[in-house]
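Below, each structure is written out as structure tokens.
Two complexes follow with chain A in common, the first pairing it with chain B and the second with chain C.
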Partner chain A sequence: MPFTPLPAVPNVFNATNMNSRLLELENSVLGGPATLETALVANTTIGIAAGTISISGISGSYKHLRLLLGLRSSSALVFDPVQIQFNGDTGATQYKDRIDNYKGTGHATTDSNANSLRPRCPANGGSLADTWGFIELRLFDYSSTTKIKNGLMLVHCAGDGSNDYGAELHTFIWNSTAAITAIGLSLFSGGNFLAGSTYQLLGTN
Partner chain B sequence: MPTLFTNIVDGEPGEPDTWNDRLDGVEAGILAMSTPQNMPFTNTTVLTSDVSSIVVTGIPQTASHLEILLNLTHSYVGIQQGYLRFYLNSDPTPLTNRGGLWSGGSVVPLTTSGTLQVVTIGNDASRPARGFNRILIPNYTDITKKKIALNQLIGWGNPGNTVGGLIIGLSPLAKTDLITGFTVEDATGTYLIKAGSSYTISGIK
Partner chain C sequence: MATLYTPTVVGDPLTSAALNAQMTQLDTAILARYASARSLIAEASLGVAAATWTISSIPQTCKHLMIVAQLRSNYASTNDELTMRFNGDSTAANYASRMTQVNLDSSIDRNLGDQGELVFRQLAFASSFANFFSPFIFWIPNYSSTTLWKMVHCLSGTFSSGGAGVNAANMGLWAQSAAISSIRWASNNAANLIAGCTYSVYGYS
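Let's turn to the complex of A and B:
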């Protein structure tokens, strides 16, 4: 419920007006802040190249999560898969992902059954300098302790300017009913996320 | 009878302060606290007349990412979807396309450069739908990064012409310019964007 400014009363100080005004204001304050449709949980720009990004202590007070990643890898590849794991779970087949991949040379649908989700980001081996990948990850009902977790990813991975860059759609599950409290990122190549990489984590009610 | 004061002077020199002024200040504080932190601005415009183009300028530079929702009908009398071109700032150079569309039940990878397409629906009373496009522009104020756009879209004319999918684009000449506006238009000048169409511009922190 968004906060609504109170109606003005005549600019006259008397007991009736002031009581009325203060009572309305008091009710607004006692009602607490408006229920936020979304709230910013984290907002970080990496200042120094780093091999991992860790987000921990995620509150369970939201319904869903939305993670926005702007990443580029230091590796000599054109693309570099970003390994995403929840709660530090490195189980060999815990992450099941259906990937719809579009690139200049065609379209493919693949299944991944691995120890992490692996959307791609551009890397330093590509011919497009200063181009950063973007991953939008949505996690549904992430704090449930009774449901297997599922989510979606939308990925832009620009590696070079000719054929070899594209887009990915992911639908995935993490095969666990544990509430998600931490998200870890690393690069499949073992390289670093370049300085200037960003992430924002939003909670949605 | 309550005591009556018409003004309580308690403000800056030369600037009378009143009880209502002070309460207004408190209200403004509460309002600021209750504004979603992740969305510094959001604005929706509904077209009240048919137009040949949508031109937006002066987008605030106060967020990390830009999200544009387009919900458009064009003037073609019929039920088929159509395409309009979308470009950033006032640069009509087409965005370079990559990605894919599902169209008529098959996947059509986009392998050539061209206009970043947004989808619309023809103006047919029996199918009162509109094309829907969600365009994300990450890091739109960061002049160290080349600009990209992700367009997730769905248009539905009839079952044989349903189109959906994901198109990504690199900004013209892979520029690092900050993004202050965009234009949507029919490049052929044949069709208008119909009244009732709408667009929403939101900043994501």
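Let's turn to the complex of A and C:
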């Protein structure tokens, strides 16, 4: 129970104080104290096309993170890899990303050992108009300072609507024991995330 | 958004009892909302290496379960798997495991044998990537049903010491209608699960 009942004495309360009490209670819910099971850490829709997306100042108060991305690239490709980096780490082989890509014409497997994770999103060069790639990234024990960081990703892209569409399953490592405090996104092509791209970061206890 | 109290007279005195009734109403609504979503049922970290690890006394207050885990064994060879047994049932005929995986022995889709528990790939082992614990997500719909057989969906993956990865999508059947009240994990090669393994169990109403 999030509030303490008023005492019977003096047994009066005015409307102004009651409104304050209600707002206090409402803020405690909407603001999401760290003890809540799931809290919305960031929730943004990009208003103007941008080359990078940065989420910084991520607190260590949760156990796991879940990042939901709805993205589309301005590039002339069909799909554009999204480069995801943690804490600004651009080390050449810091990110190991096992990618299984299932699409209409079959299956492909990639072991990426690069300077970023590489899920794909649709791009203006060939993907169906007005389709947005969905990426769900789960980071496990992201604030640990003893484990290297790992997680799973699910990726869905519509592609060109014929035989070039698909889903990806990723297991990945960021080869660092540092707690994750920032997540950066950019496009491999150097293009922009289109206006309307979205990201939500959820903290889970 | 709370509907704020509107005073009807100047000062508008209000008794504590009236305020408490109002707040209790709001409090009940909030708790009902959260109760209908997701709740953390249990979490643990393995302090000492163990051959088996059991989540016991799972409450029957939710409909579905999701388990987020980071697991690793000390199996000295390669390609360890995780076994999962429900309610102490070791009857081989009650379990069936199916997985989709790419890499090892070129298998894409295969049964993992019929034994007295489910078998899931991939479980990190002794020579996996240093300090890496395999990320697992399990979904168990209708775990508390007493009429339906239980299905498990599981995503997981691992990395070799050299950074080559494996993704696995698993499905398991426990052909029993009993509600799941305990889950036992173990290495499929009789190795130990190592200290530092963790899990979080969430229930959905």
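Note that in this section the second predicted complex is superposed on the first by the 169 of 205 C-alpha atoms of A that agree within 3 Å, B and C clash if a C-alpha of one lies under 4 Å from a C-alpha of the other, contacts with A are read in each partner's own complex, and residues count from 1 in each chain.
The working rule: a residue touches a chain if its C-beta (ideal position, glycine included) is under 8 Å from a C-beta of that chain, and two chains touch if they have at least 3 such contacts.
Note that the coordinates shown come from a computational prediction; the quantities given were computed from them, not determined experimentally.
Visitor: If we overlay the two complexes on their shared chain A, which of chain B and chain C does A:T177 touch? Say first, second, both or neither.
Guide: In the superposition, A:T177 contacts chain C only.
Visitor: Which holds for A:T131: it touches chain B only (first), chain C only (second), both, or neither?
Guide: After superposition on chain A, A:T131 lies in contact with chain B alone.
Visitor: Output check: A:N205 vs chain B and chain C. Expected answer is one of first, second, both, neither. What do you get?
Guide: It touches chain C, and chain B stays clear.
Visitor: Check whether A:A39 is in contact with chain B, with chain C, with both or with neither, and answer first, second, both or neither.
Guide: First partner only, chain B.
Visitor: Counting only touches as set out at the top, which of chain B and chain C does A:A76 meet: first, second, both, neither?
Guide: Touch status of A:A76: no partner.
Visitor: Should A:N113 be classified as contacting the first partner (chain B), the second (chain C), both, or neither?
Guide: Only chain C; A:N113 stays clear of chain B.
Visitor: Check whether A:A195 is in contact with chain B, with chain C, with both or with neither, and answer first, second, both or neither.
Guide: A:A195 contacts neither chain B nor chain C.
Visitor: Looking at A:A158 after the superposition, I want to know if it touches chain B, chain C, both of them or none. Which is it: first, second, both, neither?
Guide: first
Visitor: Residues of chain A that sit at the chain B interface in one complex and at the chain C interface in the other, please.
Guide: After superposing on chain A, chain A residues 2-3, 5-6, 8, 11-16, 18, 21-22, 25, 29, 37-38, 100, 107, 154, 169 contact both chain B and chain C.
Visitor: Over in the complex, which chain A residues touch chain C? Could you list them?
Guide: 1-3, 5-8, 11-16, 18-19, 21-23, 25-26, 29, 37-38, 63-64, 93, 96-100, 107, 109, 111, 113, 138, 140-141, 146-148, 150-152, 154, 169-173, 177, 204-205
Visitor: Which stretch or stretches of chain B touch chain A in the complex?
Guide: Spelled out, the residues of chain B in touch with chain A are 2-8, 18-20, 23-24, 26-27, 30-31, 33-34, 36-39, 64-65, 96, 98-100, 107, 109-111, 136, 138-139, 142, 144-146, 148, 150, 152, 165-168, 170, 174, 176, 204-205.
Visitor: Which of the residues in chain C end up touching chain A in this complex?
Guide: Against chain A, the touching part of chain C is residues 1-2, 4-7, 11-20, 22-24, 26-27, 30-31, 34, 37-40, 43, 68, 70, 102-103, 108, 129-135, 137, 155-159, 163-167, 169, 196, 198, 200, 202.
Visitor: Note which residues of chain A are touching chain B in the complex, please.
Guide: For this pair, the touching residues of chain A are 2-3, 5-6, 8-9, 11-16, 18, 21-22, 25, 28-29, 33-34, 36-40, 43, 68, 70, 100, 102-107, 128, 130-132, 134, 136, 154, 156, 158, 161, 163, 165-167, 169, 196, 198, 200, 202.
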